[in-house]
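The two complexes that follow have chain A in common; it is paired with chain B in the first and with chain C in the second.
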Partner chain A sequence: MDMKVAKKKLGLKEKYRALTRDLGWDTTYQTKDAVFPYVGYEGIKIHDWDKWEDPFRLTMDAYWKYQAEKERKFYAIIDAHAQNNGHLNLTDARYLSALKIFLQAISPGEYAAHKGFARAGREFPGVGTQVACQMQAIDEIRHAQTQIHAMSNYNRYYNGFHAFADTRDRIWYTSVARSFFDDAMSAGPFEFMIAIGFSFEYVLTNLLFVPFMSGAAYNGDMATVTFGFSAQSDEARHMTLGLECIKFMLEQDPDNLPIVQNWIDKWFWRGFRVLGLVSTMMDYMLPKRVMSWREAWDIYGVENGGALFKDLARYGIKPPKGWDDAEKAIDHMSHQFMLGLYQWSFGTAFHSWIPSEDDMNWLSAKYPDTFDKYYRPRWKHIKKLADAGTPFKNYGLAKLCQCCQLPTVFTEPDDPTLTCHRETVYKGQKYHFCSDGCQHVFENEPEKYVQAWLPMPQLFQEPINGDLGAWMEWVSLRDGKDNGDYAGSEDQQNFEAWRGLATTNQ
Partner chain B sequence: MQIDLRTVAIQPQRQAFDHLVRRFGDKPASRYQEGSYDIQAAENLHYKPTWDPEQELYDAGITRIVMQDWYALKDPRQFYYSTYTLTRARQQETTEANFAFVESRGLADMLPDELRDVALKVLVPLRHAAWGANQHNTFICGYGYGTTFTQPCMYHAMDNLGIAQYLSRLGLLLGDTDALEAGKQAWLDNAAWQPLRRYVEDCLVLRDPFELFVAQNVALDGLLYPLVYERIVDEHLSVRGASSVAMLTQFMSDWFDETRKWVDAVLKVAAAESEHNRAVLQDWTRNWSARAASAMVPIAELALGAEADEAVGQQLAALTARIQKTGIPL
Partner chain C sequence: MSTVFIALQANEETRPIIEAIEIDNPQAVVNRQPAMVKIDAQGQLVIRKSTIEEQLGRDFDLQELHINLISLTGNVVEDDETLTLSWNS
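Now for the complex of A and B:
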């Protein structure tokens, strides 16, 4: 009788290796350069892809199993939410402005990340890296879809959601987020990983997701909070991937350091500008606020980010160049933003409003050094105009920053009374910027940023030719419904009437 | 008699998102529609890719196939992330049970040596071919145009990875780590595997997403799956007493039956679009399936010996008939 030979026991790590790493091979019928044509031109040197440490070890069978469980729960809850008119549990329909911005500007970013990670999942020559990127690619389409599905029921009852696929490509403020993701996707695979995998997912995601999802929980938005919980374990994987990626690049060759540092500087500042929208949501748009933007920055920016860059210091990485300017902007940005949104609210597919006396008292408690001094007087003036029946509207066009695409509404880092403007002349053309950070990004890659599609000049071209009504039609904005002040809006009237139906016997 | 629970009735303001109303009329949209149509940015893209400034960030022009509306290439399974993962989660439960059954009853050890040898020789190197398929579908998802066409390719890529992992586990169960090493050696050096490896590597440099779809999902899979999992595993091996192998590859058989419906639907719509598309598809399907067939002959020989030629010929005829049914004359 044959003796049974005991099989070699594989440890978890070796087993995962056999099930992933070992699947690849060095091609011989085609050269490596032909198979991976984009991996060299950014100048990042990788000597040994085998040194890649898998940030998580998840085989497909386990992935399907865990993700399916989460999917079942998620859809059960949002179905119940829709069936039971869960939207009437919101603190107030003002809250929906935050969701509308999210669906128009951030969910399309999830989709862009899906495509970008699919590309990265093919273009990197290391199997371990590829598999991790592919898993993120499929996760990101999940996030885009669950967000659309979670907000679909709000679209049935409230304005501002219905045209997200049109506003994504055409309205002015979504080009802030989309230019960010387009920028990352038009970069090479390594820069893409620093942009999305590291800067966005690792450094900045907590500033976006934690306040956003907590805001949803505080304001009775069961649908969004469920999405947030469901996405959390995916995000944890994405964060470890982002961190592994940067460490891998830095460990492979010392020449990679200046390239990576430059990308960190750039993407920190790009991300910080996109997150400006979150500051406004936290300080102004949540009827029941979680914490101020300043408090969130202190925890998730200063504390967490500080620890991260301390950890990366051993590779020679310094905190991002714009860090100090960011710190100086924290106590101002949400107010400057909301003032901007209010004056241009005729052109937004969400509502803004004048903060109430209570709101302003909260703001002055949270921003003792800035709110009463610089911003309360402006709101008071705006309130006076509104009360007199002559609300303040700025029908002049905002000057947009060529890089981040936000209106240049920010002030000098060291002088909150002076609007910050920068200009660069490149090949005879003048370009405008909101900050030193954005100007530096441009000057490092002018050939890229001169291509930027700017929504304001578009107004004077076909098919709009300067006609505001034609522009509204082109961006699918329904005047008097989607835009303007929340006070007196259809959303406000409907919400109050429906809530009355649900909570009283009148 | 049914008594409806009373709820507060509120009149919705609209039924669906604007872009879905434009496509499907003013009625509630399905979750597949919401999660698939027009969710890729289409206009006013900001920058040209630095990796290829000739291209747009999303570029319908990098393939020879021309579609007026790429969203016409819909998935008849209507897979979006949720329905996809729920389907595969059920299948992996069955697969897990099958592996456990074979393992717990020692069925692997009861396999006659020569059949185990054939199973290992044919199936284990295929994990590398499945990895190649993963690369190609990841590429199509990354660079293809329109979510209805590209999202199933991401799911397909993850399926390809899952299949590569199941084949690896099969190798470990029927053999050992040595079996995986031997399989890789064969993939790299053994003459029988070189035509297939060359096919896969040539596909790795194809950068027309639709041609890659034809080369991998239509031509190669269309021959390889029926040949390996029906003809060799289900017929040849099972008849001779190795039905436990078929238990370990049930996922692959079921998967092929399911996914070919999607693949055929894509071909059919693309071919029906224009004479130009039909001609391109005819050219591609003819060339790639002929190449795939000749690559499969030496592999089929490992199991079927002298019958290999005929077996491949039969599968090629079946594939030709299948492609013709999609409206591509061959």
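Now for the complex of A and C:
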């Protein structure tokens, strides 16, 4: 009788080798250069692709198994959320503004990252790298899909969720995130990895996914916590890939250092500007707050980012050029953004509002050096105008930064009473910037950024020709429903009425 | 020395994993936050398969960590038995 002998399972390292390296092949009827034409032009020198190692050694078979498990967990909660009127468990419908921004600006960014990694996986010659990029490409499309799916439950009841694809392409503030991802996708494969894998994922996404999602939990939004943590479980792998990629480049050739440093400088600042809006989501838009943007920055920016750059110092890497300016902006940016959103709220597909007295007391406790001095007086003035029936609205068009595409609402790093504004003349045209960081990025690659699509000039072109109503129609913004002050909005009225119905027998 | 961390979802699956991490890393600080647990440690954090299996009472593949992982930092070194996070500074 045959004895059943258990087959010896491959160890993690052997399995990784078998399912990555051993799947690769050398080209025969085409040269390697012809098959991978984009890998050289950025100037990065790689001598041995086999030195690339995924520290998690995740292989495709294990990847499918664990991703399937994540999806099952995700859909169990999404179903429960929909079946149990989960939307009425929110602390307050003001919270939904943060979700609307997420859906309009960030979820499309996930989709863009999917396309970028699919391309990077094709363009890198190393097999380990190809497999890691393939997994990340699938992760990113999963994120876009699960986010859209989770938030579609809110679309059944609330305004501002219905036209995220139009909003993504056409409304003014989403071009901030779109230009970031378009910039990364139109760069070479190595720069793309630094842009998304390193600067965005490693240095910055913790700020978005960790404290904000934890905040969603405190605000009764199980749907978002679930997609957030489910996405972030992939980010841990992405961050590790980003860090591995940067170490790989720096170890392969000393000539790579200045190129990599330049990308870190550029993409840290680009990422800091894109994720800046998260500061407002955390400080203003969560009715129940878990930590301030400043506290989150101290943990994930200063402590964690600081440790990272100390570690990379052995290769000669320095902290990004804009690091000090970022630190100086932390205590100001959420307030400056919210003031901007409030004054232009006629043109946003989400609501903003004047913070209550309680909210302002919280803000002054969290920002003792800045809030009472610079921002409370402005909110008080705005409140006075609103109470008098003459709310403060700015129907002028925002001046946008040619690089990050945000309105130039920020102040000088060393003078919070003075708006920061920079300009560069290039080929006879004047371009505007919100900061030194954005001006430097432009001046390094002016031919790229002069081509940027900016939403404000679009207003005066076909099919809008300067007409605000035509613009609203073009961006699928329903005036009086999707935009304006939260106070008195349909979202507020419906949430209160439905919650009343849910807790009484009327 | 810099701090490394690992953050896991707060649920039934991670409870024994977190206990195992506490056993193997007496210097670690466990922060319980809404829906998540963040474990900080100076310089290095080691996660051991054998300790998790003892706490869990079943076999455990270290890659199962991915399911409930929220975030981590530091250089990652993983083999069949351990996952180590560390900074070289």
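Things to note:
Just so it is clear, the second predicted complex is superposed on the first by the 493 of 506 C-alpha atoms of A that agree within 3 Å, B and C clash if a C-alpha of one lies under 4 Å from a C-alpha of the other, contacts with A are read in each partner's own complex, and residues count from 1 in each chain.
Here is the rule we use: a residue touches a chain if its C-beta (ideal position, glycine included) is under 8 Å from a C-beta of that chain, and two chains touch if they have at least 3 such contacts.
Predicted model only: the values in this text are computed from it and were never measured.
Under the clash rule set out above, the superposition-derived model of chain A with chain B and chain C shows the two partners fitting side by side. In the superposition on chain A, contact of A:Thr240 is made with chain C only, not with chain B. More residues of chain A are touched by B (comparison of chain B with chain C). Between the C-alpha centres of chain B and chain C, as seen from that of chain A in the superposed arrangement, lies an angle of 80 degrees, given as a multiple of 10. Shared-chain residue A:Ala165: touches chain B; no touch with chain C.
In the superposition on chain A, contact is made by A:Pro55 with chain C only, not with chain B.
When the two complexes are overlaid on their common chain A, residue A:Leu308 makes contact with chain C while staying clear of chain B. In the superposition on chain A, A:Phe460 contacts neither chain B nor chain C.
Of the two partner chains placed by the overlay, only chain C lies in contact with A:Ser214; chain B stays clear of it. Nearest C-alpha atoms belonging to chain B and chain C sit 14 Å apart in the superposition, given in whole angstrom. In the superposition on chain A, the residues of chain A touched by chain B in one structure and by chain C in the other are 69. For chain C in complex with chain A, the residues that touch the partner chain are 2-5, 7, 9, 33-36, 38, 63-64, 66-80, 87-89.
Looking at the complex, you find that chain A touches chain C at residues 11-13, 55-58, 62, 66, 69-70, 73, 206, 209-210, 213-215, 217-218, 225, 229, 232-233, 235-237, 239-240, 243, 290, 303-304, 306-308, 310-311, 313-314. Residue ranges of chain A in contact with chain B, taken from their complex: 4, 7-8, 10, 18-20, 22-25, 27-30, 34-35, 37-38, 41, 59-61, 63-65, 67-69, 71-72, 74-75, 83-85, 88, 108, 111-112, 114-115, 118-119, 121-122, 127, 130-131, 134-135, 137-138, 141-142, 144-146, 148-149, 152, 155-159, 161-166, 168-170, 175, 178-179, 182-183, 185-189, 448-449, 451-453, 455, 458, 476, 494, 498, 501-502. By the touch rule above, chain B contacts chain A in their complex via residues 7-8, 10, 12-19, 29, 31, 34-35, 38-52, 57-58, 80-82, 85-86, 88-89, 91-93, 95-96, 109, 127-128, 130-131, 134-135, 138-139, 141-143, 147, 150-151, 154-155, 157-159, 161-162, 164-166, 168-169, 172, 176-177, 180, 184, 187-188, 197-198, 201-202, 204-205.
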